[in-house]
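Here chain A shows up in two complexes: once beside chain B, once beside chain C.
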Partner chain A sequence: MRAGAPARLAVIGAAFGLLAFTLSLKLGVADHLDPELIVQLRLPRALLAAAVGAGLAVAGAALQALFANPLCEPYTLGISSGSALGAVLGGALGLAADYGGVGLTAFAGALVFAAVLQLLGSRGGFPTSSLLLAGVMLGFLGSSLVALWMALADAAGIQGALFWLLGDLSRARLQGAVLTWAAVGLLISTLWSRWRGLDALLLGEEDARALGIDVPALRKRVLISASLLVGFCVSSAGMIGFVGLVVPHFIRRFAGSLHSSLIPLSALWGAAVLMAADLGARLAASPYELPVGVVTALFGAPLFLWVLTRARGTR
Partner chain B sequence: MSLRAEIIALLASTALAAFAAPSEGALVDALGREIKVPAASPKRVVTLAPSLAELAADVLGAELDAIVGVSEYTDYPRALERATKVGPFHRFNLESVVALKPDLVLATADGNPSDRVLRLQELGLNVVVVDTSTLAGVEHSFRLAGLSLGRPKDGEALAGRFKAGLQAFRGRAAARAGLAPRVLFQLDREPLVSVGGGTFLQEALSALGAENALSDLRTRYPRPALEEVVRRDPDWILILAMDGRESGAFRRMADDWKPFTGMKAVKAGQVRVLDASELGRPSMRLLSGLSRLERELFPGALP
Partner chain C sequence: MKPDDRVLLGAYGLIHRFGPATALSEVSVELRRGELTALIGPNGSGKSTLLKVTAGILPIQGGVVKLQGKELRSMSSAARASCVTYVGGGIRPEFPLRAREAVGLGSVSRGPSEPAKVQWAMDACGCWGLRERDVASLSGGEQQLVMLARALVQGGRVLLLDESLSKMDLHHQTRSGELLRRLCRDDGYAVGLVAHDLNLAAEWADTALLLNGGRVAGFGPVREVLTSQSLGALYPGASLTVAPSPASGAPKVFFARSR
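Right after this comes the complex of A and B.
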């Protein structure tokens, strides 16, 4: 990493994000620009995509540092499965598929799973690695319950659920998108304010303690913030994979692992990447819409593999 | 999320609206709103399911130009193939619909996702929702379409024609009293998807005096275990060949049953593929579909 790399990445990210945002508003199925169409449909979607992308990327970055595990992503801890379970239950109860209905039960599901994890973690002597395993197990539990519902539900109902499970931004509404922005912004700044502690964790828990970091307190705060981030993102847009795993790694490759820059850069790039992916999802197979999670993985995986090999070559 | 839940929500809103008591004799759509004849007949109509395009076309007669947008797989009448496609019924594209600037959107509670339909309404579009999950609902949908398209008399006449058509089937069924074969409809294999209670297809069977082998299941399109089907041992297994798929797949579905030589349907050679391009559409063409089904189930018992 050279000096000035974070700044350069920030400028490129901002330009990319701005371009994705502008194109998101400009391009669509309709060939003419209709102000109503833009304000009512495209703007809420672009805003929600940006908020969710930023939230997932930052949650991923923080959890990777907390668990010292590069494979961690926002969904590893199973909180998203709790959210999915909540959404499915809300749907089965006949609630409307919006923020007040299924969105609320999805968020409640995330909170319940996060609380269970928190209870386990707050018991003295529960090592961080066991906490990770506990999260993975909770995730299996949640997704098997969702699968159970899918096995018993109407064949026709599964289509909608499947889309939700792969990520769906089409429900975006202006008020909801603004709400998600506010919540995600607040939680990102909470995590950002802990950058010193997260940096210290890179050295391992023992060394972090030696540096005067209160590790259990930090663990608790990061877990709560990340859980809430995932809850907000998943309940408003379904389970969009890949952004939270890959964006932080991508930033680390080019701008280093220090969290003072890693967290804001992850937010910026996460937002840009998801806006671009949603644009692709809307346009690629029009008038069909693709699940946005499919687009992020389809383009993201090969791109990231390329970045990996390239980085090794220059070293 | 689940279609059933969406429909329950829609029905619940209908029930609530019943308390709001629209004026005497008023017609109410599946969202519980009173539908009145508009001041000017709609000129830009979007239909969100193939059956709804047929419905609107039946009401409009020769004036098909008023239909500007249709859902994917709309294939009847052929003239509608020129209309803009707005995506499949279960996931139509909001932006495509709004961009067409429709003055009437016809939607169905039996297939369209309720959140998207409500979103169209939020965006200020004139949305009329029919519910074709029952035969009475199909009949009602002619009246609703007639009203909202500014042709109440045509709608009423079509509803009457549909009702009389059903009545004829029921009359013949009564004459065949005592003959009530139990039928399993098959929609797909691996997993086996069938038709349960609370569907217009189930009612269609009873109108013919036949019985749905899965009528007690509350799931509308259940996936019963193979063993369950063997246990229920229906007299007929009819594989519904909806359009848009190669016939080989349906042939294979029928062949799957061959090893079950103990089953009544297999013994009697009553595992058949049935062209369901008409039977699958809750519109006027359902009557032709019913005739086809009647000829299949009761050959020789026809006038």
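Right after this comes the complex of A and C.
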């Protein structure tokens, strides 16, 4: 990293994001879409992709720092699958598929799973590494219960559950996208304001305490903010993996681990990456759509391995 | 000046347990302005626990800790960190972090990194040349230099070092020892140093605190406390003799293998 690396990464990220946004509005199955339909369909979808991508990437960056573990993200910690389980239960109860119905139960699912993690973590003598394992187990539990529901459900039920398991941005509506933007923006700034505590945690929990950080209070605040963030993202777009894992690591490789720049850069790049991935999901097998979660995983995993091996020696 | 004014850190009747194991039973110690105190004792004698409790890293289970006359319990984390600096034996960051970034974290509870202070501290510790290196790629001794520089940036007048010079080579150990002496003499620091290297501790310390089984086994000037009898009682398995160093006059430990 040189002194200008964060600024350079910000400029490239902004250009990439703008390009993805413009193409998302222009390209699609119908080449000459009515401007009205662009505003009704493609604009909300691009906006939602940007908000969800930014939210997942920032949640991933904060959770990785909090748990001092590079494998942490909403998906691996089980918070996403708690949210998906909540959504499927909401659907099973016959709630409407919008913010007031299934969105609310998805949200509750994320918070319940995060609360279980927080309860385990606040018990004395429960080490952080075990907390990650507990999160992975919660994730399995949530996904298995969703799969159980799928095994018992009819075709429509399976379709609905798949939406939550694989991630899908096609249900975006303008009002919902704007609401998600506002919530995600607020929560990202909350997490960003904790940059000093997150920086101190880079040296380990003991050193962070020695440096004057109130670690239990920090852990609680970050976990709550990150869970709310995941709740908003999953309840509007289902489970989308890899964005939360790959984007922060990508930024760290080039711009360092200090959170004053890591968090805004993760937000910017997360937004750009998910808009691009959704564009790919819409166009790759046109006129059919791929689940966007599959696209992020297909591209994210190899790209991440490449960056990992290439950048190792230069830092 | 009241006699108390020189005490920067006072711990009185500290008790600490880890489950059923007692780590500290009624340990009292005072670190004075301008003095370097060596904490000496066998493995598990409570040295690290004592440092961590007085640094506010472990909670106070029993007893009282006072920092410059104020009760540690009543201080905020940030206020405590501005009075007392703790440095452990090493770090293993999970994420890429440059040496100068790690040193800059010393001021994290005050505000953003202070580049001029970072350069001054890294210069003083002789590790400015490592500033762009990833902390994980440094050797153990180099990491300890970086952590010492971070402690200078944090700047608390009570400096607690837990085996923080243990992996340095003789050159850096000497430079760091001289740095600690200067901080005590010129800047009014009170330093507490945990060290298994008794010769190192005896060379640089004014005062020694001997701990054994979580109890104080001796406290006073190094030349009076470090004797063949006292150390023989601490380390019964070692056959050792204490004699003054021909170079400095500080007590030195000579050990022999048993037949």
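Keep in mind that, in the parts below, the second predicted complex is superposed on the first by the 301 of 315 C-alpha atoms of A that agree within 3 Å, B and C clash if a C-alpha of one lies under 4 Å from a C-alpha of the other, contacts with A are read in each partner's own complex, and residues count from 1 in each chain.
We take it that a contact is a pair of C-beta atoms (placed from the backbone, for glycine too) under 8 Å apart; a residue touches a chain by one contact, two chains touch by 3 or more.
Predicted model only: the values in this text are computed from it and were never measured.
When the shared chain is aligned, chain B comes close enough to touch A:Gly28, but chain C does not. Of the two partner chains, chain C is the only one that A:Ser257 touches; chain B does not reach it.
By the touch criterion stated above, A:Val88 is placed in contact with chain B alone, chain C being left untouched. When the two complexes are superposed, the chain touching more residues of chain A, out of chain B and chain C, is B. Shared-chain residue A:Tyr288: touches chain B; no touch with chain C.
By the touch criterion defined above, A:Ala68 lies against chain C but remains apart from chain B after alignment on the C-alpha atoms of chain A.
In the superposition on chain A, A:Gln40 makes contact with chain B only, not with chain C. Residue contacts after overlaying the shared chain place A:Leu133 against neither chain B nor chain C. The part of chain C that touches chain A in the complex is made up of residues 52, 55-57, 76-82, 85-88, 91-98, 101-102, 105-106, 108-109, 111-112, 134, 154. The part of chain A that touches chain B in the complex is made up of residues 28-30, 32, 34, 36-37, 40-42, 87-88, 90-98, 102, 151-161, 163-164, 170-171, 282, 286-289.
Interface of chain A with chain C (complex): residues 1, 64-65, 68-70, 196-197, 199-200, 202-204, 206-207, 209-214, 252-253, 256-258, 260, 315.
Interface residues of chain B, counted against chain A in their complex, comprise 1-6, 8-9, 12, 72, 85-88, 90-96, 98-99, 111, 113-116, 118-119, 123, 187-188, 193, 219-223.
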